[in-house]
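First the structure, then my questions, so here it is.
Naming follows writing order (A, B, C and D), and every chain is counted from residue 1.
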Amino acid sequence: MSMSQTTPRHIPDRLRSPMQARLMSWESLLLAVAVGIFILNTLASPYFLDAWNLSDATFNFTEKAMIAFAMALLIIAGEIDLSVASIIALASTAMGVAMEMGAGTPVLVLVGLATGMLCGAFNGALVTKLGLPSIVVTIGTMSLFRGLSYIILGDGAFRGYPADFAWFGQGYVFWVISVEFVIFALLAVVFGLLLHKTSFGRTVYAVGNNPTGALFSGIRVDRVKMILFLLTGLMSGLAAVCLTSRLGSTRPSIASGMELEVVTMVVLGGVNILGGSGSIPGVVIAAFVMGLVTFGLGLLNVPGIVMSIFIGLLLIGVIALPRLWSMWRKKRV
Amino acid sequence: EDMRIALVVKALGIGFFEAAAKGAEEAAEELGGVEIIYTGPVDTTAEGQIEVINSLIAQRVDAIAISANDTDALVPTLKKAMQRGITVISWDSGVADDGRMAHLNPSSNALIGNMIVKLAADHLPDGGDVAVLSATTTSTNQNIWIDEMTKVLGNYPGINVVSTVYGDDLADKSYREATGLMQSHPDLDAIIAPTSVGIVAAAQAVADAGNIGKVNVTGLGLPSEMAGAIESGASKSFAIWNPIDLGYSATMLAHQLATEAATAEPGAEIAIGRMGTITLDDSNAAAMADPFVYDASNIADFKDIF
Amino acid sequence: MTLLKSREAILFGAIALLVALVATRFPGFVVPSNLIAVFTDTSPLMILAIGQMVVILTRCIDLSVAANLALTGMVCAMINVAMPDLPIFVLICFAMVMGAALGAINGLLVWKLSIPPIVVTLGTMTIFRGVIFLLTDGKWINAHEMSASFTAFPRASLLGMPVLGWIAILVAIVMIVVMARTTLGRAIYAVGGNPHAAVYTGINVGRTQFLAFTISGMLAGLTGYLWIARYSVAYVDIAGGFELDVVAACVIGGISIAGGAGTVVGTLLGALFLGVVKNALPVVDISPFWQLAISGAAIIIAVAFNAQSGRSKGRIILKSAEHAQ
Amino acid sequence: MRNLGPQGADGSGDTPPVLTLDNITKVFPGVKALDGVRLDLYAGQVTALIGENGAGKSTVVKTLTGIYQPDGGQILLGGTPVPFATPQDAAKAGVTAIHQETVLFDELSVAENVFIGHAPKGRFGLIDTAAMYKKTGEILSSIGAKISPAVKLKDLSIASRHLVAIARALSVEAQVVIMDEPTAALSQTEIEELYELVDTLKAQGKAILFISHKFDEIFRIADRFTVFRDGQLVGAGIMNDVTEADLVKMMVGRSVDQLFPKREAEIGEDVLVVAGYSHPTEFEDINFTLRRGEILGFYGLVGAGRSEFMQSLIGITKPSKGAVRVGGDIRVIRSPAEAIKAGIVYVPEDRGKQGAILDMPIFQNVTLPSLHKTSNNGFVRMAEEFALAREYTERLDLRAASLDTNVGALSGGNQQKVVIAKWLATKPRVIILDEPTKGIDIGSKAAVHDFMSELAAQGLSVIMVSSEIPEIMGMSDRVIVMRDGRMVAELEGDALTPETLVRQAVGIRETGGDT
């Protein structure tokens, strides 16, 4: 009866090759959407296929995407941070304060990043140490961080950032390739490697899929979450540097409403809002899709709110269509 | 090919700007060969305007005439537009000097500042307490007007500004702030709201609090939106320049500069069609005309126009 | 049970303390007429928060309430402009039906396609607002275009309080009864508390969530009319961002975001707390720039407090531990 | 073996059954939980459903209550086929059940739990709360439970929860009452009250299906029996016609010692010493020593606190008092990561929630606690992962299509193998197995047992938590019995008998205890 006497069977590593799996994925669906939008844009406006114009269009998504990468990891791990736009406001304000005290560009950047990290640490501590749900915590800190910015700045503004500070948001590295775009591309690679190739990335998935299971498997779940909150804060700080540099000034209302666009980008990128699955390539494509949609419609002078209808429909449609399709097929069988 | 002039407003859907767009169309017709692109973000944010400007640059429009949501944040983008050969002017709400070639004030700021306090003082011969309900804390023109108003307060003895609050150009917040003003200052005699959203909300709050006749709401508003308040007596009078004229003038100015019929430099005298001529000051800014006062006697003539 | 009661008592105490503090700086705040005004001003938030509570209890979230409010309100205003003589009562019924229909769209997507609620309502939030723009081309509808009866209804005074306030009280009473005394109310708690067990007891989880969204939508629609009529103006951006205030009111009121726990009274107190903060700041001499930070801090403190008092110490296995309860 | 056949109605064929399951089949991915079974229930009689873990008993209950839809066969009520599409259909037809898992609502009061779904209605169709509380009080006192109807469920112990579940089943006007292991967590007096209640229900003419693993209980109250093995019907008949030995034979279908291939292992030095472990609400004063090569059994009723204690041993919860010594060093273990470092690993009882990450592939599950071994500078090396996963899963004879398959797609037994493989891959000193064979098929069970002995023989120390007496008796060198969060006995050698185990677990004194 005892089974271990029989010779063990061989279990193959994989049934489908990784290539095959990729072809069937969300990313390819989204890529098709992106290509479709690209073609439509080209047909709709003679101004679309222009290197400088396309370069300008990237500003529609680069800052949001920087945060979206970190947010993707956070959401995969089963948490969320709605305070990112407010972190930008506070980090930008902190940079303004530093600028008034005579800080040069390197110090300004450090201040921006450090403020972002601090905000992330605050969110992370509330979530991991007090065990509070992150959606609620960050709705609170969303008001708190921006509120602090209002307290500091009131109805004033910081302007007069040093000339070389403008490089981050207005500089070009090579021809039409902007500094922001290069930062975006580098981060895409770094986050892609982090999530998909490292053991940390693996634990992120485990935590999101089953936090209890991950804890029982010896993963320091709280530490993983804390790191992700810090990372999201850091990326918001970086976005603050870029945005402040691009605007050349700071007001407390800076980046308002951006959190929802970041979350939309992440979800559109195929990240499961309930945690456990998603990929960085997906988010990268989603960033392009959103950038292309808004820019393409902008060229036709379509009002922003009508664009957001498209984004909203895309968000629901891209998730709903495959489900409707499989329901319809099941009914036919 | 037509010359394309983009009229960028603070946000779409605001009556004041809709009227300005009408004026712009009027100018285009008069000029001939001019196409107006009327556009703007949905909410009054600088980021929204930047995206709009970027797509205008991409379309290589000939001129951009903007009423800005933020003096400073738009400067880099507008500079980029000028580098790409686009004529940029601001109107109504300005941007910092290096972000535009010229700026068209609806009226002189000093005049407006004086006007809003005068409107209140005219009905307070013995002086009294007034409060200011502004738009957002960052609205450029409101802040300037309030500054100008403060400068001339000395000319109105007995008028006492007790508080300045911000309704963020949101109806509910403005309403709440106005209500708060009446509570915290029981002796309040007038609310000055130099913003078209705020003045309507304040009038509503005064009416709801049963303070008609006791608290006078005044400031800057549109006849179409304020008709009810004048009728009920919540507002005795208010002022505004003609937004149609403003849109018309901005378009004319942009056209003059874009066709290089005029150059933007201090002291330049530029013809703006039926509105006559304006003169640019040291910062390349000019004023269009004096604000016009509306009250029960004339409101009916204007409420269907803008 | 006792714990929950005391939680609400503590929140009530916090509000009382807040009012008292404000009174020390501005005595006029505590005169009855002003307290009534504050209550009335908070009414829209209370009505929406009750709807949101129902949704959160079933482990969902509705981010589209403010957009629903704006869309329904705008359509009401347009109807009023087109048909000034339509009785207000009919208009109110229409607003509730339309709001419920919009809520039902959310509910259907959650129920039939199992799309996560946050994604669904994030999407419909932008879509609803966009539709307003398409309907109106971004134009405003102003006070003088609305009929007198349209704008007068919510502010008409009844026994010293505007109708708006009475409607909030009515909604609260109805919902207290619904939650405590109807099968649907029990099902809503059950679905959020333990969806697995709810299936065992014959409750259709998806359908219950659908109904929750419909209720939330209906209340948002009702608030839509009230809001537009009260402020006498309708435009795309009305009540922009208000959904977060609504969620915050629920959270402060002790509604567990994980579903299944919370009461109508708690929600009302949560909304009232925010309402008092909002109304007090303009009258006491605190810079308006502090308001955002204060409400943020209030949310965090309230959540931390609720979590601390609600935390169980683990399973009760030792006999001594059960009796110690 | 004597097979009484499906009709099994010898002697009482005169009264037709109230409810019949006819040729019911239910398939889950990878398992045929029910394979053409038949079950008859008669008015005024108690039918015992017997079978090993995983035989399909609970599946029958869920089919009967409309939670599962059968893949084949039909349910006959009074001779006519009835489709139970939803739990409400079943309730309307008069079928009520006490489920094995307590399916109740923490945030609701006892009365609301009892009456959820069928609360008494008063005026305007509103729930009549007063009547609801009153009726709940009556039902609770009829089963001798001293629980207030107003208290929230989350403040009750597991035993009290079971009583609430029983009250819930009784609150429905039913002609068929199903009880799935209702006594598993009850004290002796509560069990006696339940027996009386069953007698009353019988007298009222209700048909009762009673599921239990305790033979004394079955012989005490059942009139008929039905035996399942591996999802198939192997026998049915009247209690008076059979002996305990007959039933066991039917149930197991083979002699028991094959299932428990305990090998002799050399018991060595102390590996783990636990002293004075306590927790405010869960357990108190646990002391024992575990030696090299030993299998230490932990026995107790469900809810005795064994799992909670084990979890605090690996740092999931924090004990309020106590210390551990592992391999000579006194250690404070604050997290599972530290436990793994100390060489203590835990195979949890709740496989889906705590054991495996169901939506991740097998190989990633296996390497999760040993990621540092298969990665380089933080980057994982897939080839090494597959190698490590293959080594351990093949040793356990895992059946899976590929190592890339998600664990959720495997059968229960194979999932358990993945979880065990995962922990063996960390090369532990002490392995704690919590209900290691719960819900897995008989073949895998033997494999797990065999493997356990082999581990012990190789010098690993094993702690095995189990609620099955044969497993405890067959596998352990020594047994600790827990009751209500306390360690009540440590049994070894001749003192280790099934009777002592049960007595200690339910709390009857040696002499004159069993009333």
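By our rule, a contact is a pair of C-beta atoms (placed from the backbone, for glycine too) under 8 Å apart; a residue touches a chain by one contact, two chains touch by 3 or more.
Just so it is clear, the model here is predicted, and its values are computed rather than measured.
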Which chains lie in contact with each of chain B and chain D?
A, C
By CA centroid distance, what chain is farthest from chain D?
B
So which one's got more C-beta contacts, B-C or A-D?
A-D
Measuring from the mean C-alpha position of chain B to the mean C-alpha position of chain C, what distance in angstrom results?
36
Measure off the straight-line distance from the CA centroid of chain C to the CA centroid of chain D, and report it in whole Å.
44
Euclidean distance of C-alpha centroids - chain A vs chain C, Å:
30
Which residue numbers or ranges of chain A touch two or more of the other chains?
150, 154-155, 252, 257, 303, 305, 308
Touching two or more other chains - residues of chain C:
133, 138, 236, 289
Flagged in chain D as touching 2+ other chains are none
Chains grouped in pairs wherever the two touch, ordered by label
A-B, A-C, A-D, B-C, C-D
Residues of chain D defined as touching chain A within the complex
254, 258-259, 261, 314, 316, 335-337, 339-340, 346, 348, 353-360, 363-364, 368-369, 371-372, 375, 378-380, 386, 390, 393-405, 422, 443-444, 446-447, 450-451, 454
For the complex, which residues does chain A have touching chain B?
45, 47-48, 50, 52-53, 56-57, 59-60, 150, 154-155, 157, 159, 166, 169-170, 246-249, 251-258, 294-295, 298-299, 301, 303-305, 308
Over in the complex, which chain A residues touch chain C? Could you list them?
126, 130-133, 135-137, 139-148, 150-151, 153-155, 252, 257, 260, 263-264, 267, 272-274, 303, 305-306, 308-309, 311-313, 315-316, 319-320, 323-324
Chain B contacts chain A in the complex at 12, 37, 39-43, 45-48, 50-52, 54-55, 57-60, 70-73, 75-76, 80, 84, 96, 136-138, 143, 166
Residues of chain B touching chain C in the complex
11-15, 18, 42-43, 137, 165-166, 170-172, 175-177, 179-181, 183-184, 186, 200-201, 204, 208, 224-225, 227-229, 231, 303
